[in-house]
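For reference, the structures are reproduced in the following blocks.
Okay, so chain A shows up in both of these, paired with chain B first and chain C after.
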Partner chain A sequence: MAAVKYISREKLPEWLKALAAERRLLVPVEEGGAVVFRAYDPAKAPVFGSDATAPPKGSVFPASKELFSYTYGKEGEDAKPTLTLDPKTTAEPTVVFGSKPCGARGFLIFDRVYMGKKFPDPYYIAAREATVFVTMACDTVENTCFCHWVGSGPADPAGSDLLLTPVAGGWLVEAVSAKGEPLLASPALTDGAAKAAEAEEVKAKTRAALGEAPDISTSKEALLARFDDMDFWRDQSDKCISCGACTYLCPTCYCFSITDEGSGMSGKRLRSWDACMHFQFTLEASGHNPRPTKAHRLKNRVGHKFSYYPTLHDGLIACCGCGRCVKSCPVSVDIREIVQNAVAKAKA
Partner chain B sequence: MSRLEELKTRIKEALPGLECVIGWQKGYDALHNTPLFMRSAEDVDKLEWGALNVHNPAVYLPTMAGKKVGVVVKGCDSRSVVELLQENLINRDNIVIFAAGCDGVVDLTKVKAKLAAAGTGAGVVTAVSADGKTVSVTAGGKTVAMPMAEVAADKCLRCQYPNAVLADTFVGTPAPQPTPVPSANADLDALDAMSVPDRMAFWRYHMDRCIRCYACRNACPMCVCRDHCIAQSREPHWLSQDDSVTEKLMFQVVHAMHLAGRCTECGECQRACPMDIPVLALKKHLNRTIHDLFDYQAGVDAAAIPPLLQFKTEEVNIKERSW
Partner chain C sequence: MSEPFNPYLPEVATILETVQETHNIMTFRVRFDDEAKMAAFKFGPGQVGQLSAAGIGEATFVINSPPTRMDYLQFSVMRTGEVTAKLHNLVAGDKVGVRAPLGKPFPVEDLKGKDIVFVGGGIGMAPLRTLFLYMLDNRADFGKIRLLYGARSPLDMAFSAELPEWTSRTDIETTLTIDREADGWEHKVGLIPNVLLEMAPKAENCVAITCGPPIMIKFTLEALKKLEFPDEQILTTLEKRMKCGIGICGRCNIGSSYVCVDGPVYTYAQLKALPNEL
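On to the complex of A and B.
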């Protein structure tokens, strides 16, 4: 039986301070109207109410990560040039505190790509193993939430190490993984058994507020059937302005670009977030681009999440239903609508 | 007949000769409208006109070169169309402009703040009604009445052109000329009052949360380099992919400089920013400089040549010889 604890609102700063003393602690804070994950500062109260504007993706997969630095050297006219590489594979022990279940679940999609047998990624693995997710279950749902469409829910523990559920006066704290359990040792936490029933009620009520999810179980085939239907994709992408907001705010978008940034004899190799909404994403050295228009690019984004990825990975949809791509899109492109349109067209 | 119904009638009449007409429809919830590409009469029936039509449909026009398209515009949007015409970025023969008087649009960031102050949130909105003076938003079971003056976009508070400056079809009675509100330039005033190091600190603080999605650029009707922007090109290699404030701020400066004397202050860059970074102020500052030097305003006269697209041996307000 996993430990069940309780933390009161008053005691929370004590727990956070203790966590921050031993490792990097990232919490959602308000910055100029947006909510972003930043290193914990006891002077700045975290924002736990609504979901953060940007998910905690950068905690494990930074917007740009230095893979190694390089220096060329040359001793004397006839000597062979030397090359010194300094790889940066170590990761800082980190706790991500206060993400919603969807934000933590996003890394399950990453894991299959970067921790698989075929191409294990040492940078990702180091960061993933060094990071613990203390997640907060939702007690409200927004118009853009659709975690229940993709096999998740507002109290989904998958991808998290501890799960906190809001109850009167504080949160019930449940250990989800062995990695999370040591964090329960803080004296700020008390026994939570008496609050367990209330937490279950909150979970059930929040799940009920989402209502029934439409049946999108045929999305794999339905989207594939539309692959060559560019009129369909023109209609879906007409209003898209081809920016990267959806992609960069997505907890499951894992694509990257590699660039060498340096001058003269030294520099660094960076791995940076890339976005399939950008023209450069598939631009080939010849100048040819297999995805020349935004219709081709949006087709890829939706198809990847709801068809190609699940085909390769046991039906797992590469979307956690957080709704950021809908909510933060400058023109309100709605991925739910596109998937449903494809599903409906396949049935017709 | 209401403005909206008349717009629909006139668009349906014109539609057979056009690839499509760009306007707005209801979006995923009551608070969000979304751009609409009308290709059939059924599409036209979805058209909306009102305070939630926050987007500038002129942004799509340069991407549709060679096609004859219609566009429905607010006064501010029409200025972008005019500026695009001034720069020969679109062909007048291929554009049909539909317009009506505009009573202003909301700033969803301000609406969100009002809802949060009332103990509810923008994520749970179920109904919105607007009558030009008040916007009533129902969210989480609460109805919050917001005076339009408090939630209107800043651009509406300083609007001089509520009626399109150029239109082929203008329906209904023109909107009255609004009285400029002094607080409409509060952003520039605040920056002006700062010392230079404080101003730099302001931009570093705000640009730190930039995710480099380039929504500011892609929502801008005048940013026509699009797929070939130097922000992402490797040749020339002007910006690195480093996740640093320096790179992010550098792009904003590049964007603002490229828009000097071209920007109509439609505010799409700032509205589109998912991180709520106040990037419009940079363009407003440069526009103010252009106005002082050349007594010029972008996008009001299709026949005017923008000052940085022409050359005079002697400028009236630039005293090169009296240094």
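On to the complex of A and C.
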């Protein structure tokens, strides 16, 4: 167990600058009224107080990523066509600094899918291995937070490498993975043993502020029991405008599309975030769509996170309770209510 | 150090030959450029591939040639949208990309010793063709083999070059049908499920394998139930929209079953156990 360290507010820029010198450093900053993760700029103060509007999902899983480039050519006397494919699976060493635990935990959900045994995803694995998460435990909670419903919490280290806990004057710094330890070597950090007790208090106080979690342990079966109850789903999705904001802002939504982009003899194949809340997502060639209405699609989004995924992955819920989809939905669709309604119906 | 396996990177292949099967179905016969990879390539009947032309995009097609005939891999592509329309412009000598094999094959071992009735409609004949030819190439391993293949009209019948052989072989029983009378048509006229009821295959020790448009599947299943086929003795292959083909992109699920890795071949019993979202 590495020693606990302390970083003061005053020394933080020094640490950030040192980190940024060696690799890509992403921090939450304000941009156009939202807080998003961007490359560190010493002239721009990071926003560490509240949770970022968008999670650091793009650090490991960019909104659009080149799978390979291609070039057509001709060779030989008879000008035979050739095709060369050039994949780039390497990833830039990165530190994501200042995400809340829920933002980092999202990658746990990704890991099970992208680091599976049968088809491990080389792009994801390279980026995941090259990225270190320096996460900040929460000292305040919002009314949209429900990490404690899904087996997480405001100081959850799962998915992170260093955990920072706010204390008077700065942060306690703990390594929570072997990958995080080398970052503790910075001279900007001092011994943190004296602050450890205070940090524990902050953690306990924040957890207490979230209150009791309702019992949603039957969500797997409860949602399946509602599968054919389209009246229920029409009701739950009544307000939804199928904008997809909930999926794009979700730290655990991992679906993508594959498309080609090119002109003339060369171009690239891309993979880009996609959203199951859109009609086109499952539209088939015949015109048939197994999820023709927003009710079918919301059913899939909630069902995937609280039923199908946990069925496949040892009960792990594919939602980290960050509340982003609740906060950012233009019409206030609330995933917590939907899950609770399904659970309540199954009990009734 | 060698690169880790990249499931998104297609094998570059060359089109050896194209066959215009119908006005909207074109067959492509391709071989990997890397001969060592072609020689090592293994798949089971029913497995699919992502066929692409760089710049055009990828789409999913069953490898409809059997693993017993490895001179080339055959894909038959119905023109339905952007990617398929552009694939139709390709000619022999052009390069394509192939990601294969994907998905699970038909349970060939379980089928040995059984009577088989194939029921294919339209392009749905493609996934049946690979298994059908595999069985012909291993004829002694299977019992009675019957094929019912239907299309809208004679002109909509793919694989027409092979039909004379299929209908004249005496070790199998082939029935062809079209929806409406047409000049010069010497085979059956009638909808597939009705013709199937007329054929009345016995369910005992028999497995029915069906693929086709959703409406045909629906009525074929009803017919098979009338003929008292148990759910476990009905196999079908599903078509869901796919992208990655490797269980990651999240597009093809029915509840917690991913058609691209857990399917596309399912027994009717398995399908009934899944949430109802076909």
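Just so we're on the same page, the second predicted complex is superposed on the first by the 344 of 348 C-alpha atoms of A that agree within 3 Å, B and C clash if a C-alpha of one lies under 4 Å from a C-alpha of the other, contacts with A are read in each partner's own complex, and residues count from 1 in each chain.
By our rule, a contact is a pair of C-beta atoms (placed from the backbone, for glycine too) under 8 Å apart; a residue touches a chain by one contact, two chains touch by 3 or more.
Everything numeric here is computed off the predicted structure, so don't read it as measured data.
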One more residue to check, A:312. First (chain B), second (chain C), both or neither? second
Does the superposition put A:81 against chain B (first), chain C (second), both, or neither? second
Once chain A of both complexes is superposed, is A:259 in touch with chain B (first), chain C (second), both, or neither? both
Pick one for A:286: touches chain B only (first), chain C only (second), both, or neither. second
In the overlay, answer first, second, both or neither for which of chain B and chain C A:120 touches. second
Could you give the residue numbers on chain A that contact chain B in one complex and chain C in the other? 257, 259
Quick check: in the complex, which residue numbers of chain A touch chain C? 67-68, 70, 72, 80-85, 87, 89, 113-114, 116, 118-123, 125, 224, 227-228, 254-260, 262, 267, 269, 271, 274, 276, 281-286, 288, 290-291, 296, 300, 303-304, 307-309, 311-312
Under the definition above, what is the set of chain C residues touching chain A in their complex? 3-10, 12, 52, 54-58, 78, 80-81, 84, 93-95, 97, 213-214, 239-241, 243-244, 246-251, 253-256, 261, 275-278
Can you name the residues of chain A that touch chain B in the complex? 31-34, 36, 50, 53-54, 62-64, 140-145, 235, 238-239, 241-245, 247-249, 257, 259, 261, 270, 272-273, 275, 278-280, 326-328, 330-334, 336-337
What residues of chain B sit close enough to touch chain A in their complex? 20, 27-29, 32-37, 55, 59-60, 109, 112-113, 121, 123-125, 205-206, 208-209, 211-215, 217-219, 226-228, 232-234, 240-243, 268, 271-272, 274-278
